[in-house]
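Here chain A shows up in two complexes: once beside chain B, once beside chain C.
Let's turn to the complex of A and B:
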C-alpha cells in the first residue's frame, strides 16, 4: 500500500505535464510569441544599432554606396542649376518632403530636399535621398498637396532604386547596389575610372535620356499612394501634370525625359479609379503653401 | 482521452510556431490596413513602424495580412521583409565603421571617408559636369527631427 502510494506520488512528481497539458502548451506558445515580437517592438535605439552588426554590415555598405554615389550626382545637379538659397523655403520643402517620405519603405535613407535656381519646370532625385525641385515648378504649383505629390514622385525613384537599376551595375551577388559598393571599394585607378563613368552615365539619364517610361509611371502611382496615406489630396499629381502640360515653354526637359503628359495623366486616372480615390476628399493645404512659397 | 490531449498539444504548438513567423514588418511611420486591396476601401486597422504582420497572400501591390486579431490588406510600399533599420549616414561615425568593415570585408568597401576623398579627386579629373559640393553640404546641414515632421503633418492635414 505504501509502495503504491509512493509510486503514485512519484508519478505525479515526474509527469506533471500529463495533468496540465493545456498550461504546458500555453507556456510554450506565450514564450514563442513573446520572443517573436521582440524585433517588432524593439526600441528605436536598438534599430539604430542593428545595421552596424556584423551580420548586416554588407547591407550597410550597399546603402552607404548608394548615398555616396547619389551625393556625387547631387553635386552635379547643384553644379548645373545652383541652389535657390532661402532658409525658410528650404525648411518648408524639407518638412513637406519628409512628411511624404515617411510613407516610403526606405527608413534607412535620410531624405534631403532643396530648391534649384532655375525657371525650368522639373524635379530630380539622386540615389541615397537627394531630392530637388526647381523654382519654376514651385511657381506652377497652387497648394501643398501638389508640392507633396511632386516630391513623393522623386522619393519613389529613390525608394525603388530606379537609377541604380538603370545603370545595371551587377555584382556577383544579386543586388545592383552590391555591385556599386564593390566598385567603389575597389580602390584601383581602373575602378575609379569606372566610378566616374557611372556617375556621368547617371547624369546623362537625369538631364538627357530620362528613366524608363515604366519607372516614371510607377513613380506617379507610388506618389499618389504616398500622398494619400499622408493625408493629402490623392488627385494632386494629376492636377499638377494637367496644369503644366499646357505650358511647354518651361517644360521641354520634362517632355524630353519623361513619358508624355497624356500617358501619365491616363495612368494616374487608372490608379485613382482602381483605388476608388477619384472623388475622395483630402487636404490640399493652400494657406500654408502660400505663406511659405513666395518665389517671384 | 490521451489521443485528444496529444492532438491538442500538437495544435497549440503548431499555433505557437506559426505565430512566431513574422513575415512582414512595417517600414513607414504608419501602415493603414484596409478591408480590400484598395486605398478607397474602409480602414480596419493601422499598424505602426516596426510592427510585424503575418503575410497570408500577395495580390499585385497588396498583401493580405494578419495583424493582431484581424485580417486585411496592406500596401507593399509600406512593408518589408526585415525590421526597419535606423538611418545610414556617410557623414558621421566613419572611423568606427571603417574598423569594423576592415575586419569583416576588407576588400568590399574602402570607407565612406575614402570614397568621399575619391569623389573629390575624381571631380578634379572629370570636367564633364560642374560640381558643387558646398551646395550639397548646405542640403545636408538642414536638420529636422521626426517629431517635427509628425507635428507639421498633423497641423497641415490633421493626421
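Let's turn to the complex of A and C:
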C-alpha cells in the first residue's frame, strides 16, 4: 500500500481551500470590489505587440483604407514588372502627372507616378494615388500631351474610385461585412486573409478582367478635360489610342468588360465634339518630352 | 491491505526468497500488479502537474502566461486575459509531438530499464468571439498524454530460484506493452472588463481521461520453467475543472494575473484484468482476477500568480508561480472474481512550480520566445528503509519558439525540453531504491488566425 501512513496524517491537516466555491466567490468579490475603486487610468495599448501596431484598416477612415490598399496593390504591380530605374525620367513623369492630377478633385490624395520596366504598352492605377506607365507605352508616345493624357486617364480611375467602389473598400465603422475595416478590425497581423483576397481581386481586375466599360469611358472623358484644362492638346488621348490600337497584340489581353479601342476612340470623338474641342489647338510639348523620355 | 497480501496467490512464487531474485520477479510484479498504482500514477504523469506546455505563445514562453493570456491560449491559462485579445475573432490551434523517456538504472541484472513514450496529436484549440460587454471563448486542451508502445527482450539475467534458493538464469525476459493515456479538457469561457484596469473571466472545462493498458510479460528460466502475466486495464474518468481568473493593470506596462482552478472528478470507471501463471504452477490453470472501482481521485487546488512587463512593443517579460495544494484520496478496489477488497491511499504533496518567459519581436514579421520552467514532483523524497514509496523526480526545462507572421496568419514552431533525476522503488515489498533519469521533449507547430 502506498503512502497509507502519510495520507492518514495528511487527512487531518487543515485545508484552507476545501470550500472552494466559497473561496472562489470571496476572492473574486474582494478583488472586484478592491480594484474597482481604482481610477481607470491605464490604457491597455501597451499590450499590443509589434505586429499589432502595424498600420491596418482597423481604426482608419475610408481614405486611409484606400491608400493602404493601394499601396499593397502597387507593390504587387511593381513586383510583377519591376521599376524602370531612371531618376530623371521618374522626376519628369511625376511633374507631368502631378500637373494633370491637380484637376482630379482629390486634394487629400498624394499622387505618385513611376515607370514600369516592361515593353508591354499599358498603364495602371492603384487606389490611393499610385500610377504606373510602362516604358513600352512611353515608346509609343510622341509628345508630352500624350503622356499627360495617359496619366490623366489613370488619375481619373483613382479620382473616381473605380476599384474602390468595385471592391467596396472602406474604413472602419461604416463598413459593411465585406468592408475591409471589418476584415482588418483590431489591427492584428493575422487579420488579413480577406485583405489579401481583396488585393488578389484587384490584381485580377488590373491584369485580366479590366475595369467596367463605363469606367474606362468615363476616365477617357475626364482625362481629356483634365489635359485640356492643363493646356495640353485635347486630342492627345485620341491620338495615342489610335496609334496603339493597331498594335493591340502588344497590350495586355483584357477580356469582355473592357471596351475596344474603337469604342473608346468613338467615345472620345463624342466628348471632343460635345465640348467643342475637336479643332482646339493647344500645346503638345514635343521637345521637352523627347529630352526627358529616352527609353532604349 | 498490502500489495503482497492481495496478490499472495498470484505472486506466491516470489515470496520469501532471496532479495535479488525476488527483486527481479517483483520487478515484474511491480509492472503488472493488479493494483491501483498501475492506473493512477506513473503514466500520463500524475506525479507532476506541468507535463505539457499548452498554447502557441505560451508554450514558447515556458508557460509563464497568466499575466499575458491575451489570445486563445488565455482560455487555458487565465480567461480574464482574453478581453485584451486583439480583433473581433481569434482562433489558434497547436499540434504537438511529445517524447518522454525514463530510465531506471541497474534494475535487471545490472541493466537499466528504459521506458519511452511518444505521440503526435492536436493538443490545443481555442477560439474567441465578442459577446455583449465581454468575450466568449471555447477551447480544447490536452494537458497530459502518453502513448507507450514497448517491445523489449532481455537475455541471461542472473537470478536465484525462489523455491530452492539456488542460482539460476533468466534466459529470456519479454515485455510487450501498449499503454495509451490521454487527458482532455474542453469547455467554454467568458471574460469581461470590470474597469480599464481589471478584468475577470472563467473557464469551465470538462475533464475527460481515457486510459487503456495491454501488457504481456514472459519470463523463461534455464531449467525450462516459465512465468507469464497478461494484463488488460482501462480507466475512464469524467469531471469538471472550473478556472477563475483575473487580470489587473496596476501600472502602465505592468500586468498581474491570478487564477484558481481545481479538478472535480464526478465519475470513474476503472478496471484491471490479470491472468497469471507462476514458475511452479506446472499444469495448473493460470490465476485470473478482475479488480474494479468507481472511486474518484482527488485533485489539488491550483493557484497561479503571474506578472508581466511590457517595456516596449518588441519585448515582453513574464513570470508565473503556481501553487498546488496537497490532495489525498483512498480508492477501494473490489475483486469481482474472489470478492476480496483492497484499499489504496494516495497522497499528493503541496507543490510549487515556477516559470519565466520572454518574447521579442526583432521585426514586425518575426517573434522569438523563450522560457524556463520547473515541473516538480508531488511526491516526497524517498527515505531509506521504507518500501512502496512513489518515485520522486524534480524536473527543470526550457522552451523556445519562433513565429512568422504573414498577412493572413501566424505560424509558430517551437519546442521544450525538460529533464530531471530522482529515485524510485520499482520492486514491490523491497526497500531498495533505484536511481532514475527522466527526459521530456515536445515539438510543436501552431497556427493562429484572426478575422
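Keep in mind that, in the parts below, the second predicted complex is superposed on the first by the 204 of 296 C-alpha atoms of A that agree within 3 Å, B and C clash if a C-alpha of one lies under 4 Å from a C-alpha of the other, contacts with A are read in each partner's own complex, and residues count from 1 in each chain.
Here is the rule we use: a contact is a pair of C-beta atoms (placed from the backbone, for glycine too) under 8 Å apart; a residue touches a chain by one contact, two chains touch by 3 or more.
On a predicted model such as this, the values are computed, not experimentally measured, just so you know.
In the overlay built on the shared chain, the residue A:195 is in contact with chain B and with chain C. In the superposed pair of complexes, A:71 makes contact with chain B only, with no contact to chain C. Of the two partner chains placed by superposition, only chain B is touched by A:229; chain C is not. The partner that reaches more residues of chain A, of the two candidates chain B and chain C, is B.
By the touch criterion defined above, A:94 reaches chain B but does not reach chain C. Chain A residues 24, 28, 32, 35-36, 40-42, 44, 47-52, 54, 182, 185, 187, 192, 195-196 lie at the interface with chain B in one structure and with chain C in the other. Residue ranges on chain C touching chain A, taken from their complex, read 1-3, 37, 70, 84, 86-88, 90, 194-198, 200, 242, 244, 246, 248-249, 251-253, 255, 258, 260, 262, 301, 303, 310, 313-314, 316, 325-326, 328, 330, 343-347, 359, 361, 363-365, 367, 380, 388-390, 405-410, 448-451. Those residues of chain A that touch chain C in the shared complex are 1-4, 6-8, 10-11, 13, 15-17, 20, 23-24, 27-28, 31-32, 35-36, 38, 40-44, 46-54, 182-183, 185-196. Only residues 5, 8-9, 12-13, 15-17, 19-22, 25, 27-30, 32, 38-41, 49-52, 75-80, 83-90, 96-97, 100-101, 104-105, 107-110, 112, 114-116, 118-119, 121-123, 125-126, 128-133, 135-136, 138-140, 142, 144, 146, 148-149, 152-153, 156-159 of chain B touch chain A when the two sit together in their complex.
Across the interface of their complex, chain B is touched by residues 18, 21-22, 24-26, 28-29, 32-33, 35-37, 39-42, 44, 47-52, 54, 56-61, 63-65, 67-68, 71-72, 74-76, 78-80, 82-83, 85, 90-91, 94-96, 98-99, 102-110, 112-114, 130, 144, 159, 181-182, 184-185, 187, 192, 195-196, 199-200, 203, 222, 225-226, 228-232, 234, 274-277, 280, 282-283, 285, 288 of chain A.
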